[in-house]
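The same chain A turns up in both complexes below, where it pairs with chain B and then with chain C.
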Partner chain A sequence: MQWSLSFLLFCFLAVVHALSSSGNRLLVVLEDAAEKDLYFTFWSDLEARGYDLVFQSPKSDQLSLFDLGERAYDHLLLLPPRSKGFGPSLSPKNIVDFLNKDGNVLLALSGKSTTPSAISSLLLELDLHLATDRSSVVVDHFNYDTLSATDKHDVLLLQRPGQLRPDTKAYFDGEGVLALPNAAPHTLGDNSLVAPILRAPATAYSYNPKEDVGAVEEVWATGSQLALVSAMQTRSSSRFTLLGSVESLQDKWFSATVKTPGDGKETTTANQEFAKQLTAWTFKETGVLKVGKIEHHLAKDDLTSEDLNPTIYRIKNETVFNIEVSEYSYDKFVPFEVPANDALQLEFTMLSPFHRLKLEPSSRTENSTIYSAQFTVPDQHGIFSFRVNYKRPFLTNIEEKHEVTVRHYAHNEYPRSWKISGGWVWIAGLWSVIGGFLAFVFVWLYSEPTSAKVKKTQ
Partner chain B sequence: MAESPLDVLLKGNSGRTTRGLLRFIILATIAAAAVSSRLFSVIRFESIIHEFDPWFNFRATKYLVQHGFESFWDWFDDRTWHPLGRVTGGTLYPGLMVTSGVIYHVLRFLTIPVDIRNICVLLAPGFSGLTALAMYFLTCEMTTSPSAGLLAAAFMGIVPGYISRSVAGSYDNEAIAIFLLVFTFFLWIKAVKNGSIMWGALAALFYGYMVSAWGGYVFITNLIPLHVFVLLCMGRYSSRIYISYTTWYALGTLASMQIPFVGFLPIRNSDHMSALGVFGLIQLVAFADFVRGFIPGKHFQRLLTTMIIVVFGVAFVGLVVLTVSGVIAPWSGRFYSLWDTGYAKIHIPIIASVSEHQPTAWPAFFFDLNFLIWLFPAGVYMCFRDLKDEHVFVIIYSVLASYFAGVMVRLMLTLTPIVCVAAALALSTILDTYVFATNGPNPRAKANEDTSSEGLRSARKPDVGITSYFSKTVMTSSVVVYLLLFVAHCTWVTSNAYSSPSVVLASRMPDGSQHIIDDYREAYYWLRQNTAHNAKIMSWWDYGYQIGGMADRPTLVDNNTWNNTHIATVGKAMSSREEVSYPILRQHDVDYVLVVFGGLLGYSGDDINKFLWMVRIAEGIWPDEVKERDFFTARGEYRVDDGATPTMRNSLMYKMSYHNFNSMFQPGQAVDRVRGSRLPAEGPQLSTLEEAFTSENWIIRIYKVKDLDNLGRDHNTAVAFDKGNKRKRATKRKGPRVLRTE
Partner chain C sequence: MQLWHSVLQLSLLASAAIPTATASAWGFTDATVSVNTKGAGVGSGLKETIPDNKALSKPVALGTADTLKVTLTAQEGRAGKHAHQVFLLVQDPETGLDISYPFNVKDNGKSRLDLTQKDLPVQFLSASEPLDARFLIGSFGDADAYNGAAFQLAVTSNPDEPVPTVEVSRYGKLPEIHHIFKTDAQSPPIVISLAFVAMVLATLPVLGGLWLFLGANVNHLPTALKSAPLPHAVFLGSLLSIEGIFFLYYTSWTLFQILPAVAVVGTVAFISGSRALGEVQGRRFAGLR
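So, the complex of A and B:
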């Protein structure tokens, strides 16, 4: 009975987790129910990928991110509020708590309305900074859509982003042009958990349409200092994405025809594909790493199950470490491949690393790669740990730490004295003294002196 | 014991057997008294291991019993000194644990199932009975009067100076070491007297046992050669001394080198060089003695002088060269502090920080030895009257041990045996003089002549006897009164000063009933039951052994203090700001920090009072980062109230001690009862640690080290955000804006 129940539960969970690796309960916070229809394609895309969408107004009484102290939803999608903020149940503290409990958040802003200060202070905690007036839009006179924004130049046309760094994977690349109307810009702080997904072009700048001053007095940030879409991944690997332009998710822009000012060729936007990539990443359908079994043992041929993962090694042991890593890609785990310019590393650490070794892929299963390294335990006893610390933008963190004890040589593990050729001199000396003493005693006892003197030997 | 003179009287006309039986009964009674007077703590509290070091010994014994001797020998302890670990099997004196282990297995073999804890608790009282016996043998070698031996045994059985280290539960090396010390000396005296290889070899054997049991064996290693050296200087060279010393040195050194912790020290360490030197010297003297038989006197004199000069010159140069080149280890710091009491305070704060390494206060002598201390010089004087080889030994021992006991409190323990010997000699002489003189031709003197020693015959000649009944009565009764006072004093001291387990604090309620303060165990059991088995606990080193023993959790530092840098690291973490401490805690995988705080109860042995030692030890390693001066106010006061320095108030130790302390009092009324000072109205704020546990009387406070902030903020910001403080907009940074390139 219990077994079948748990089997049922397992099947149920398997169905539930068919898509995102971390649940499918998605709360969409939308202030104006009428706006819902503007994003019809976007919602149906998400539903088609297995999400249970719950629409709530920020004013609603039933809106709560938590139920009995646990997360009530797995993911949160916030559309920009019309009023001064999201209200008490979506205070910055609640959203931070939601992130700390491994919920994922996608926050979309719009340059059309002033962003509430509550959101600004939330973003500040994540080290994402909005402009001081919180109502700027990004304008670019070289990369705008000539069809829809002939005057205002506030519909940016951008190529889809490629690799962020040579050592990261590209999760948002592809063919096509993105159209970002009324994008609210932001800048990134020094926090290493924050990574930009899409930056503004070098010719863009931030402009506040509500101020009629022609020249900007104090430049806050310009060009590619401005980010349009950014990602923050917490240390526990929950994800927060900030999208500057909520309009880009609307049906209207999913398949709009646009034209750049330069060569003037008309193309269709790739917004729908980009929105899919963005939500897939935020809601943990891509870039999710899973560590399978970790094994370490002495380097020898006939391994039994007792030899695996011992708690104690000896100094100068030859040791093998294996780690199994798989990556989740939309609906299944696939073998994880380290990007070309990057390496998965193993550290053997006591206070500081004694070894830092590249883990090489040694074998591959259907949905995982096994990385391994072999090394000699250093000549230092203590409590060491095998550590794999792999933290890259857009990939969930791998932080594995396995403590083992490295002991000294036991008293009977040293080579015996006669095996050390340098010790032969001393051994010879020792035995010659013993032999000489015995010979002396023998001679002394059996060479009776001629005179009958009684000798005291003591 | 008060009955001894009476016993002697009764024995007067009995046969040898009766006297032997009586002596046996008396010794058995003394042993029983010695054992039972040490059981106060077991009766009052429970059968529990006391103090600090015994907890480690207990833990090691459990390991030995559980895993067997081989793995105990190779024991690498990964639950202390995290993350360095400790090669425990090679860095301890195994004698104590092996002794208990053997007793445990013997009892098991006899199908008496006794818990190993009870064996450990009762080992010290058990061995104190043996010590009394050994003391009887040793004193009997010094004099012909058997009452001296019985008196010495009785003194040794109950003298507080020895009880201080051997009450039930005080499972420390000294518990068996004092017995071994006394017994080795007895065997040595026996060997010197008889010039016998057997007694010399037995002395070496027990010396080997002593080496395996206590670091204080160095005392024997130096005292016996000194004895021989003095005898040589007195022109008392004889083949007896040659035989006993060479036998003892050769076998004893070999025996001591079998202990892994000692290893090659006997031939490399300066502390052991005197034994080696005297060994060489006695060979030369023997050779000279041999040569004297062949060479006429005048030539011999010249030869002797040249030889002495050459040998000393060569030996001295050799010693200096070897010491400078590092073959012979230089004197250890503890050794220097024996000669210069200020040395440790300046150079090795870790040694000076231990209270038992402080110089002795003079009342301690009376407290620990009572009237024995003024009988002691008299006894030494008695030895001068009849200066045989063994009396020379007593004199040397007395001089050396008196000096050492004056320098270090804990060395009172080595002084105690010789005080008992000397006092018993003096007292038995007094009693013999005043009690026996009336019996005319003195039957006891006759009996003694039978038993061959010519010891104190002069003192017992009938013509110097006291015949007045008045003076006899006065003398005898005053001695009896002194003895009674001594027993009362010993019982009182044992009961009041030395029987508290220090794990459990006892106090009196206003109505006189006893109130037990059990915060230590409460906290240690909390750790044991509520934290992960591998959670690393950081505390000051005093509590390391107890955490390891009672809470069974890995610690960073403990009472072994082998690694000064590691202790200084803990000291630095305790005495620095949170921003500095936190990375240290992270690097050492610390999960919990434990502090002892007595401010609520008025418990003065807490960490704030020990804090300056942490600062000093840390300053020894990081003089630029931790400065003792910063913890004192401009007027040089050590304060915790409003006047405390910013360094003090920001130190982790201060914050942990006084965290939330204000909430116990009316606003602004918080008072630290130890320091007697009113605390600042606003308590300290902790951001990198959170309070996990505080014991009933706040003596132990345990803090959990927070993980890094999930959003990558620093802890101050995160705490401020959680409290609802609005964060200021990112202030303008100095210098040009940094453009993120990726």
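So, the complex of A and C:
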């Protein structure tokens, strides 16, 4: 009794505290303790959302991402180091191991100082590329803050990003302007796991302020090829976000007044809201999908529980497949809605898909949507599987595979021969032979020989 | 509150003061664009002058063996000056893909840029619409940067050579697949089947007619029934029931239903048949057959 009570209490506490769908232990790696106060609003926003923040210096001896081989933290927030790197406990290998164990990482860089080569090699593992000099900064002479960067033009003012593609969900959109001071740019590899969240405008470019010559003549990347905030989601759905400008998280820029060149009006920045969206996405408060019940059965009206999820189907059966999907949104699961131009697809495969069909929403519960599709099992027997493979930028992966056997017709399921009009000739032939045989027997038994003929043959 | 007011006033003042401070703006002069084909003589290609701070009206074609040369003098206000950013921004109006090419800038603002198709990203080579080329001229400080259309760049390709395309794999929805079923077995028109059925069934009357023509009769039936009525009736009945059992097997019965039935009826047919055939033998001994 006591056991179950304390277990219930534990569950209740866990529900109250776990706002993120994957835990609330957040390790913040901050080299200079004095810098902590610059981000006061950011920390308190995170704490208000239920995270337990642990601040550590990369030089600390107690700093370890793992405890007895398991993750010691659920999420990791790395602020740019002052020294050559993060040290041995935060080596690229450890951070990749952390990602492989479903930990989430937010790494912020700054264009003010040279990025250590250890970070550059970590980013290379994730197919994110820094400039070779690692100390470039993005400037844009068209979209800068005229109030704070009158001369250097290194405070970029950007609109909040919208949808990445017409078929993706916008997790970072909204009204307002973002200010990104001293942004360190990066480029993305040709990889379906990485996705840009915020790109530089077409007129932006990067240069190294330390080896400044009169004009930029060699560029590494320009315009929208330069990404300022990017996301990488691993196959196991752990998340890594790279933020080019750590200063944008400071209190100063959360509520700064900025003004674009030209006839721009003075506005306040939306950095606080963007930082919330960015951390919420990285630490799995948004864009997390959960699959509930999966059911498949023959398409008929009166279903009993034995009819659900049979292990065997026959070719040409009408079959219905249902999948229940929910999406985590900040603190609860809500029904998942597929973006407008996208589709949740069901594949019926044996080696390669025989059917790939759109799953349409058929009903909704309080916190899930049930998608279903009806189709005819292909006329090929074998071991098939129902597969839902839904991998999209910014959404955790859904990979479902349910195997069923497809048999061919049993001998008594074919149409009877008299239903086939082409077979009537053969049936008539058979019965006429039987009739002829019976008549022959009758005649043979009771016929009297005609004497004339008997004499002739003799 | 008062502090907030004074800040507001100050910022208003500042915003009013800025336009006067930024009187100067970046621009360009002496801009030319020329296209030279490799191997062709000097001066054979196209050469156009771009009006100051305006765009060229007609598109510039760039072939596979051509070199595009753009020269201009960057100016702040009216004086030639060297700018930090003198770029040619090439943008695909359809996809929005952009890339910038930096000019070679001298101290007096004179800048030049050479561009061939090899410098362009592969995606631009298959663009159907002419690309937008813009000049970006800007530098640090408070002078307004210049961003204006320069000309339209039409990338032409040799029709004999395939245009390189690029395929990227991104997570997204895949084309739908609907299984194509084998067509069901077809029967010939029912009229033809019925005609052949009629032909097959017509053989029975033909056979009967032929037997009658040859003298078949049932004259011994009363004799047979008089001497051995039971065996004959049972034998013929059992033959008929064997065929009846076969008919039931064809329509509904299973193999294990007909086997005992056939065994029973077969035994009956054997026993009664031997009696009936004994009677037939008796007729033959009597010289009736």
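General observations
FYI, the second predicted complex is superposed on the first by the 429 of 458 C-alpha atoms of A that agree within 3 Å, B and C clash if a C-alpha of one lies under 4 Å from a C-alpha of the other, contacts with A are read in each partner's own complex, and residues count from 1 in each chain.
As a working rule, a residue touches a chain if its C-beta (ideal position, glycine included) is under 8 Å from a C-beta of that chain, and two chains touch if they have at least 3 such contacts.
Since we're looking at a predicted model, the values are computed, not measured.
Residue contacts after overlaying the shared chain place A:A48 against neither chain B nor chain C.
In the superposition on chain A, contact of A:A299 is made with neither chain B nor chain C.
In the overlay built on the shared chain, the residue A:P449 is in contact with chain C alone; chain B does not reach it.
When the two complexes are superposed, the chain touching more residues of chain A, out of chain B and chain C, is C. Of the two partner chains placed around the shared chain by superposition, chain B is the only one that A:I383 touches, whereas chain C remains out of contact. In the superposition on chain A, A:H129 makes contact with chain B only, not with chain C.
Shared-chain residue A:T234: touches chain B; no touch with chain C.
Of the two partner chains placed around the shared chain by superposition, chain B and chain C are both touched by A:S192. When the two complexes are overlaid on their common chain A, residue A:S432 makes contact with chain C while staying clear of chain B.
Of the residues of chain A, those at positions 165, 190, 192, 225, 393 touch chain B in one of the two structures and chain C in the other.
Those residues of chain A that touch chain C in the shared complex are 139, 141-142, 146-147, 150-153, 165, 167, 190, 192, 202-203, 205, 207, 214-219, 222-225, 257, 259, 261-262, 266, 316, 342-343, 345, 347-348, 353-358, 376, 378-379, 391-393, 420-425, 428-429, 432, 434-436, 438-439, 441-443, 445-450, 453.
For chain A in complex with chain B, the touching residues are 92-93, 96, 99-100, 121, 124-127, 129, 132, 164-165, 188-193, 195-196, 221, 225, 232, 234-236, 238, 312, 350-351, 381-384, 393, 403, 405-408, 410-411, 458.
Contact residues of chain C toward chain A in the complex are 11, 14-15, 18, 82-87, 89, 91, 96-100, 102-105, 107, 136, 138-142, 144-145, 147, 168-179, 181-182, 185, 187-188, 190, 193-194, 196-197, 200-201, 203-204, 207-208, 211, 215-221, 224, 232, 236, 239-240, 243, 246, 276, 280, 288-289.
Of all residues in chain B, those touching chain A in their complex are 73-74, 76, 78, 82-85, 87, 90, 197, 243, 260, 534, 554, 587-588, 708-713, 717, 721-722, 724, 726-727, 729-730, 737-740, 742.
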